Every structure is written in structure tokens, then in C-alpha cells.
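There are two complexes below, and they share subunit A, which is joined by subunit B in the first and by subunit C in the second.
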Partner chain A sequence: MRRFVRDANPLVLLAIGTLAIVASLAVRDLQTACLALGAYAVAGVVLLPSPRFALARFGAIAVASVSLVWSTWWLGGRDLEVALTAGLRIVVLALPGAVLAAYVDPSKLADQLGQRLRLPARPVVAFAAAMQRFGALRETWGQLDRTRRARGFGPTRSPLSRVRHAVSLAFALLVSALRDATRMSVAMDARGFASAQRRTWAEPAPWSRADSALLALGVALAAVPWLVR
Partner chain B sequence: MADAIRPRTSSTRYRTIDLVTVAMLGVAIGVVFWGWNQLFAVVSGTALFAYPPSSGLISGVWLIGGVIGGLVVRRPGAAVGTEVVAAVVSGLLGNQWGMSVLVSGLIQGLGVELVFALFLYRRWGVVVAAAGGALAGAFEAVYEWYAYYADWAFGYQLVYLVFLAVSGALVAGVGGWLLVRALAKTGALDAFGAGREHHDRAAASSTSPSPRA
Partner chain C sequence: MTGSVAFRGFGWRPLGRRTPVVAGLDLRVDPGERVLLAGPSGAGKSTVLRAAAGVLETTGDGDALGEVTTIGRVGMLLQNPGDAVVAERLGRDVAFGLENARVAPAAIWPRVRDALRAVRLPYGMQHPTSALSGGELQRSALAGVLASQADLLLLDEPTSMLDDVNADAVRRCVAEVVAETGATLVVVEHRIAPWLPHVDRVVVLGHDGSVVADIDPVSFVATLRDDLAGVGVWMPGVAAPEPVEPPVVLVETDRAVPRLDALALGVDLRRTDIRGATVTAALRDVDAALESRAVTVLSGPSGAGKSTLLEVVGGLRRPGAGEVRGLGRPPHRIGSRDLAALIGWVPQNPEHGFLTTRVRDEIAATSRRIGVPVDVDAVLVHLRLDHLADANPYRLSGGEQRRLALGAALAHRPPVLLLDEPTVGQDRGTWAAVTGWMRAAAGADAVIGAASHDADLAARADRVVPLEGGRNVAPGPAPAPAPVDDAR
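Presenting the complex of A and B:
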């Protein structure tokens, strides 16, 4: 059971996360909120490879949820039930997508976007190429950080100095990313990327029966609050 | 090979460098968004408890992708594309809003895009950039009325919209425009309109008699 999500089609994972937004729009009272959230929780406990990871993501969302309960209570007529509902609604909206995002592989996603959804090939490949440079970006960040420190431009302990340090690193990273883009596009065009008539893909983009089942489950979960309200 | 750096012949056909730049800018800005998401949880916590709608004032940071993408690549769709890629990256890295960031990214990108389109993709000044940021902020605020702040009294929702639009105009619009100028100075935008304009300005100011000479 637990490998379903790990092997799942990234399109299905994104769809389930997006359907959760639709589900959240039907949450208008506490009972619906609890039922909707309960349905997602049961599905998560049964299917997720690591429920503990989902709990960690829930922690991040809980912070946003608590502040929303507070602001809705204050600005929405000081009604506790309305406020709690709003707080739970954002958990329904965010939690499924936030958890499932961790199982999306960018290369597989690009394969699916290009071959299954048949989006225009050039933008999709550019997206895949940029996602592949993601690791390189992180490496560059580390190099820039060490270089600045070695030259005596490192931050002091004050938060302001740290922010300034981070901003200058972010700017340098942006410059590096743009130079990377120039280099990469020259290399891509040298291999005929711009003028190709017929394109092939290195990897297939399969759609399995398990993907259909997961998608159906996602639709059913999103339908819960619409049916019970 | 020359295709990559040839000056543009058409204003709608994307060169390879345009596509890759939109994607790379999106990825880099998405990482920045992700960092800002972490910081926002702390900063907005304080802002929300003091006066909830004021969190709109610091939300302009998330609108900067569309402005930068549009100002650099200057083609239809570049603003939306950059903002959506940035939203996807910040979503995949994990955040507190789940897939709602994809919707936000699309809506914010469309706000900026609409303003650039209104000027027929010919004006790239600071006023247009600020207007783009403001409209993106207004669009995002309306989405958040439904997704997050559905039960706030309407007056507060309006205040939130105004705050987010102002923040979009200043942080994303003016800030993004300044950032693109700074990037042009490094030579990283030499294949784009913004880079060429920088060199034109530099050439004009070096040939005109300077007071010190």
C-alpha cells in the first residue's frame, strides 16, 4: 500500500493537492471541516510512506492556521465557531498538497507534462533543464557564501547583518543563474534544440492503473465536504 | 548556435535563451520565495497579532517573479511563466499553503502580465512595473478573500487588498525594476532588451562631455 504514493504519477499528486482547494471551498461549518479533514487523515495514515513526515508538514500549517483563527475571530464578528472553521479550512486546503509535493519528481513531472498533457515541448524541456540545475544552484550558494566569508565580507552576529549577507548572496545567485541560462541555451541550440522538426523523449511517461485509482480517491476525498454539508 | 544570442526578429517567438531564462529565473526566485515563506511565518505572526490586514504589506515579495520575468524577457507570457515556475518550485520545496501556491502564482503572474499587455509589450519603465505589481497584489488579495480570509468583515478585506496592492507596487514593481537594472549592470542581461538599454545608456553618458573633463 505504502509504495503507491511514492511510485505515483506526479500529475496525480498535483491533482489531489489542487482538488483539496476545491474541497476547502465547501467547508462552511465545524462538522464539515472535521469530516473532510478526517477523510484526508485516514487516507494519509493508510497510504503515506511516512505519516510522521505528514505530521511535520502539519506543524508548519498549524502556525498559519492558528494565526488565521485569531484574525478571523477578531475581524469576523468574534464568533469562535466561525474562527475555528476558518482555521481548519486552511488545513484542508493546504495539507494534502504540502505533503504530496514531497513525492513529486521534477523530471518525471516534465515527462508527463510534455508527453501526456502534450504541452509545447520547448517550454517543458526548458523547465526540466532549469529544475536539473537546482542542485547546482545550491552548490553555487555555498561557494558564494564561503568566498564572501574568506574575503572578510561575512556577516556578524546581528540579524541585520545576516539579512544583508543573504540579500547579497541572493543577488549573486541570480546573476549566476542568468549566466547559466545563457550558457545552457547556447549548448542546447548547438544540438539543434530551436530548429528541430521532430522531437523524441529520453524517458517514457507511463500512466498505470494505480494512478487512475489514486486520482479517483482524490476526487472522492474532495467530494466529502460537498456531500455532507 | 547563433540562434541563442541573435537579436530578436520577432517579439512573440521565444528564442531558446528566452525560454531557459524564464525557467532559470523561476527556479532561482522560487528558492527565494521558499526562504521568504519561512521568514514570513515569523514576521506575519507578529504582524497578524498586531493588526491582521497588515500582513498584506509584506506580501509583495511574492509578486516579484512576474515583474522580473516580464522586464527581462519582454515577451507575452514571460511574466506568468516566471511566476508560475517560481510558485511550483516553492511548492515542491514544501510550504504552509500546499498546492494553493500554484493558483496564487498563476493569478499573480496574470496580474502583471495584463498590465504589460495593456502597454502592448512596449513599455518597460518603473511606472508600468509598479502598476503590474499593484494589479498582481489586487488579484491575489481577491483570491485570498475566498481561500483564506472568507470570514473577515468586508472592510478589513478591502484594507488587505489595498495593503497588498501597495506592497506589490513598491516591493515587486519598483523593487523588481531596480533589481533588473542592477542585473543589467553586471552584464548578465546582455542578450536581452534590458541589457542592451543599459549599454546604450552607458555609451551615451561616456560620449557626452562630463563636467570633470
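Presenting the complex of A and C:
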């Protein structure tokens, strides 16, 4: 059961994420919000290889959600139900996509985009190559953090200093990612990518029955808030 | 058919540099030749290779002069093995060049399998590339080159970031591949000796990128040995240079740290990726003593935990178990500024350490931050970077960047110096300057710790702490300098 998502067609995973945005449009009140979120949560617990990972992603989205609840409550007539609904709507909108995107295998996605959807090969391949570098960002972050600390440019205990430090690190990370991208494009061009206007694909882009089933489930989940109105 | 490349009056000036890195280069490499390209740091060796591969413009803007004619399919290996990875799975990564060459899918996989076998990678097609070590990554990149049936192999310091065992494996694979396919080979490397048996021609570039020698390997060693060692090239049969110490005012510290003791350190490294977290034990119950007035080298193969130990000792990583004594408090609890006044840490990858956009500012940054006056010009002169004082750190060559990172980390004269692979990829001149800095600081009462697999550096150390697999191992016999006839 849990292999289901891991082996799923990346297009299906992205479709479910996008359908969640459609679902969020139907979230009008606390009841629909809870039902929609509950449906996604049940599906997640049953199907996801690691529900703990989904919880971690939820943490990031919760920050956005809480700030939205607060500002809606403060500015929108201090109505708690309206505020909570707005907050939960964001969770419905973002969480399924944020969790499922993590299970997308970049090469498989490129295969599907290039062969099934027939998008232009070069941008698709470049995108996939960039995507598989995501994991390295965390290590670079650690490196940048350590050098700054060793050279006296680390944060002090004050929260403001920590925030400023994080912003500076994020910028440095961005710059370093751009430089990595340059070196990577040298490597790719040196492997014949520069002149590959048309190219072949080493692996096929299959669509299985399980993919159809998963897509149907995604449609059903997105329909929940629309149907209970 | 095998490849060839010809340079006619070739020159290259990167944007923002007043002088070209290469000027007026005339060089022909004929089909089937195996050429070693040597020269001091900053001589433009990488530039020449990139021009031959037709990817010079991809690396950044600049003015190109003359012409470069490349015939045949190009395969390139870069210095940093991670740069070439384009896919999450090994098989797909090796297949990349074949896809670009529009090989039919059915024909791709047998060639990928053959290539992986030729470079002796024992993994399946689904093996994640993120789980490969540096040496294995270089061999998988070589497999990619091999699978694409490249006619012209361009290798840019492919082994400089690897330890001896891995470097040896990569060299052997390259030699086998070239012997089998008859491909043309151009290799750039600081460690010349191990390559000499595999090439039939040696081209030496001077400081301005012009050809100063073009000769067969045997006469090369016989006639040019001492001349080239003099301009900084590591030559077989020439012992490591004497360390060149900077003026004592550049290293004299006014704080005293008598010793640092690492006691029963344990560190788990957590790698989180999409499919969950993997925890590897980087250090297990490791003890190390770093004394002042002494250079202590942490030695061992890659993956031994040398860098992690250095980071824990320097308060840059919190140990999971054990403690570090000697700075009054656990080092990882000391605030950044106070820590900077106590330690100088030279990271292995210099790129991630730069904070400013000018070489001069980079040297002065930490001193200014903690309020210590420093003679920036004298530091630049010792590191032979004085002509680049106003350049952007990111536009320097690999060797120059490493020198700058060293100066930036140590110019404020901390009493504890921690250096991570400080001699990797350095020419003789820089080697002498870097080891000289360590010796001089030791003479001025500092505590010096260096993580390194450089046998010549270990030979100049006062103490060696050998590590393997994250544990202390019994110290071997006193470190001997690498045998002279195979020094580099």
C-alpha cells in the first residue's frame, strides 16, 4: 500500500497537488474545511510511506496558516470562525502538494513531461537536473553557517540577530546555488547537452492502472468540500 | 576516429580582469595523443581545457581571442566530482550523454552497463548518486564519458580532491579506457608523477598561459625537473619544498591556549532527504590532543571523520557525546565573535567561506569584526595574492581561492589554527607558504590542527592522529615522507 505513492507517476502526484488548490476554493466555513482536511489526512495516513515527514511539512505550512489566522482575526472583524477557516484553507491548498512534491523523482518527471506531454526536451531536462540538486542545499547551508561562525559573523543570542543571520545565509545560499548551476551547466554542455536540440530518452514514461486509481482518488478528495456544501 | 584539438593564437580575458589568463597560445593535440598539461597555479590550464570542450562561454563572460578547433566527441571530467551529476540514479546519470547523442533507448542500456563495468563500479542502475563517494563519482562521470564513446578526453584535475586510494583507482580506469578506445587524452593535474607513465607528451604552461615546454615524458623528467620545480610544478624526484615562513608579526597571537583536548567524542551525521533520514556515525569515541607549539595532523582516508573532528574541536559542530576541553567552555557554546578571536578555521571548500567582493576586504573582514589590527598587504604578499588585491574572490583560480581562504581565516592571528585539507590542489610555492604559515604559528605558541591526507604534510607534523571509519586507530610508525621518486 505504501509503495503506491513512492512508485506513482509524478504527473499524478502533481495533479493531486493541483487539485488540492481547486478543493481549497470550496472551503467556505469551518465544517467544509475540517471535512476536506480530514479526508486528505486519512488518505495521507493510509498511503504515505512516512506520515512523520508529512507532519514536518505541515509544520512549515502551519507557520503561514497561523499568521493568516491572526491577521484575518485582527483585521477581519475579530471573527474567530472566519479567521480559522482562512487558516485551514491555506493548509488544504498547500499541504497535499507540498508533501507529494517530495516524492517526485526528477528523472521520471522529466520522462513524463518530455515523452507523454511532449514538452520541449531541453528545459525539461535542465529542470530535472536542477531538481535533483535540492538535497545538496542543506549541506551548503551548513557549510556557509560554519564559516560565518568561525569568522566572527555568526548570530548572537538575540532573535533579531538570528533572523538577520538567516537572511544573510539564505542570500549566500542563493548566490552559491547560482554558481553551482554555472559549473553544472559546464558539465552538462561538455556531455553533449549544448548541441542536443533533439534527444532520446533512456527510459519510457509508463502510465499504470495504479496511476489511474491514484488520480481518481485525488479527484475524489478534491470533490469532498464541493459536495458537502 | 579519435579527436583532436588545435589552438591558434588563443587568448582569454575574463570579465573584470585587466590581464588575460591565457594569451597567444599555439598548441596542437593530434588524434591518439596523450598529453599532460602542467603549469603553476593560475596559469590558465582549466581555461585551455574548457576552450577545447567548447564550454568557455558557459563559465562566465570574457573576451576570447584567436581560434580553437575541436574535432570529435568531447568527454570531460571536472575537478569537483559532484558537479557533473545530473540524475538521482546512477544508470540514468551515465546514460545522459547517450540521450543527448540521440542513441535509441534499446541501445543505451547495454552501453551503460559496459561502461559501469569498465570503471569497476559494482552498483546497480538504481543506485542513488547521492550515496557515491568522491572517487566513485569521478568514476561514474568517467563511465558517462566512456558510454558516449568520446574521442577526446579532457580531464581537469580529476583526482585532486581524492585520497590516494581513490585517486589511484580513477587513474587506472582512465589509463585502461584510453588504451582500449585509443581516445585522445588531455589531462591537467598538479600531481604529475602518477600520470607520467600514461602520457606520451608533456606540455608546460607558464604564468601567462604560454607554452614554456613541449616534450616527451622521459626527457621532461630528465631535463626540466629542477627548472619546473622552481616555478612551482610538483616534479617526480624532487622532495617537498622547505616551508616558507611568513614574518612572525603575521602569526604572533596575544592570547594563549595551552592545549585542546577532545575526549571520547561521538558525532552522528544526519542526512535527511525525501525518502527519510539516514544517520551515519561520523565519530565514535574519538580522543585527540592538540598542543600549543605543535602541528598535529589528523590523518586517514576520506570518510575517516577528520573534517568532522576538526569542526567539533573548533566549536562549529555540537558533539553528540564527549567533550572538548581547553577553551574554558564547550567550544560550540562560545559566541561567534569570541570564538573567532580564539580559532581560525580554514574550510575544505573555499567557495563557501567568502564574505566580501574584494580580495583585500576578505583578508581584513574578521580582524575588523573582532577589532584586531592586521597588515593586509603583508598577508597578501606572503600568499602571493598581492597582484590580485582588488579582484573578486570568486574570479580567482582554484588554487588562488584556497590561498585566499587561508588568509581570510587566519589573518587575525588566532591562538588556535584548524585547517581542513589545506594543501590540496596547491603548487609547490603555495604548499611552502601554507606549511610555512603553520610552522611559524606553531613557533609563536599557537595550537595547530590540520585534517589532511597529504603524506608530505604529515611528515612535517609534530604529531599525527590517525583515524579510520570515525575511530582512533593505533598510530603507525613515525610518518615517513613520501618516497622521493614518487613524491608527486
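Please note the rule applied: the second predicted complex is superposed on the first by the 155 of 229 C-alpha atoms of A that agree within 3 Å, B and C clash if a C-alpha of one lies under 4 Å from a C-alpha of the other, contacts with A are read in each partner's own complex, and residues count from 1 in each chain.
Quick note on the criterion: a residue touches a chain if its C-beta (ideal position, glycine included) is under 8 Å from a C-beta of that chain, and two chains touch if they have at least 3 such contacts.
What you see is a predicted model, and the numbers here were worked out from it, not measured in a lab.
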Subunit B versus subunit C as contact partner of A:144, first or second or both or neither: second
Subunit B versus subunit C as contact partner of A:129, first or second or both or neither: both
First, second, both or neither for A:185, with subunit B first and subunit C second: both
Which superposed partner A:57 touches (first subunit B, second subunit C, both, neither): first
Touching partner for A:81 - first (subunit B), second (subunit C), both, neither: neither
Subunit B versus subunit C as contact partner of A:7, first or second or both or neither: neither
First, second, both or neither for A:93, with subunit B first and subunit C second: first
First (subunit B), second (subunit C), both or neither touched by A:68: first
Contacts of A:102 with subunit B and subunit C, given as first, second, both or neither: both
Residues of subunit A that lie at the interface with subunit B and also at the interface with subunit C: 102, 106, 129, 133, 179-180, 182, 184-186, 188-190, 193-195
Touching residues on subunit B, where the partner in the complex is subunit A: 1, 3-5, 14-17, 19-29, 31-32, 35, 41, 44-45, 48-49, 52-53, 81, 85, 89, 91-100, 102-103, 146-153, 156, 179, 182-183, 186, 188-189, 191
Sites on subunit A touched by subunit C in the complex: 6, 49-50, 53, 102-103, 105-107, 125, 128-129, 132-133, 135-136, 138, 140, 143-144, 146-157, 172, 176, 179-180, 182-196, 198-204
Contacting residues of subunit C [partner subunit A, same complex]: 50, 53-55, 58-60, 73-76, 78, 80, 82-89, 91-92, 95-105, 108-109, 112, 129-130, 141, 144-145, 148, 154, 272-276, 311, 314-317, 335-337, 339-341, 343-345, 347, 349, 351-353, 355, 365-366, 369-370, 394, 408-409
Residue numbers on subunit A that touch subunit B, as the complex places them: 14, 17-18, 20-21, 24-25, 57, 60-61, 63-64, 67-68, 70-72, 74-77, 82-83, 85-86, 89-90, 93-99, 101-102, 104, 106, 122-123, 126-127, 129-131, 133-134, 137, 166, 170-171, 173-175, 177-182, 184-186, 188-190, 193-195
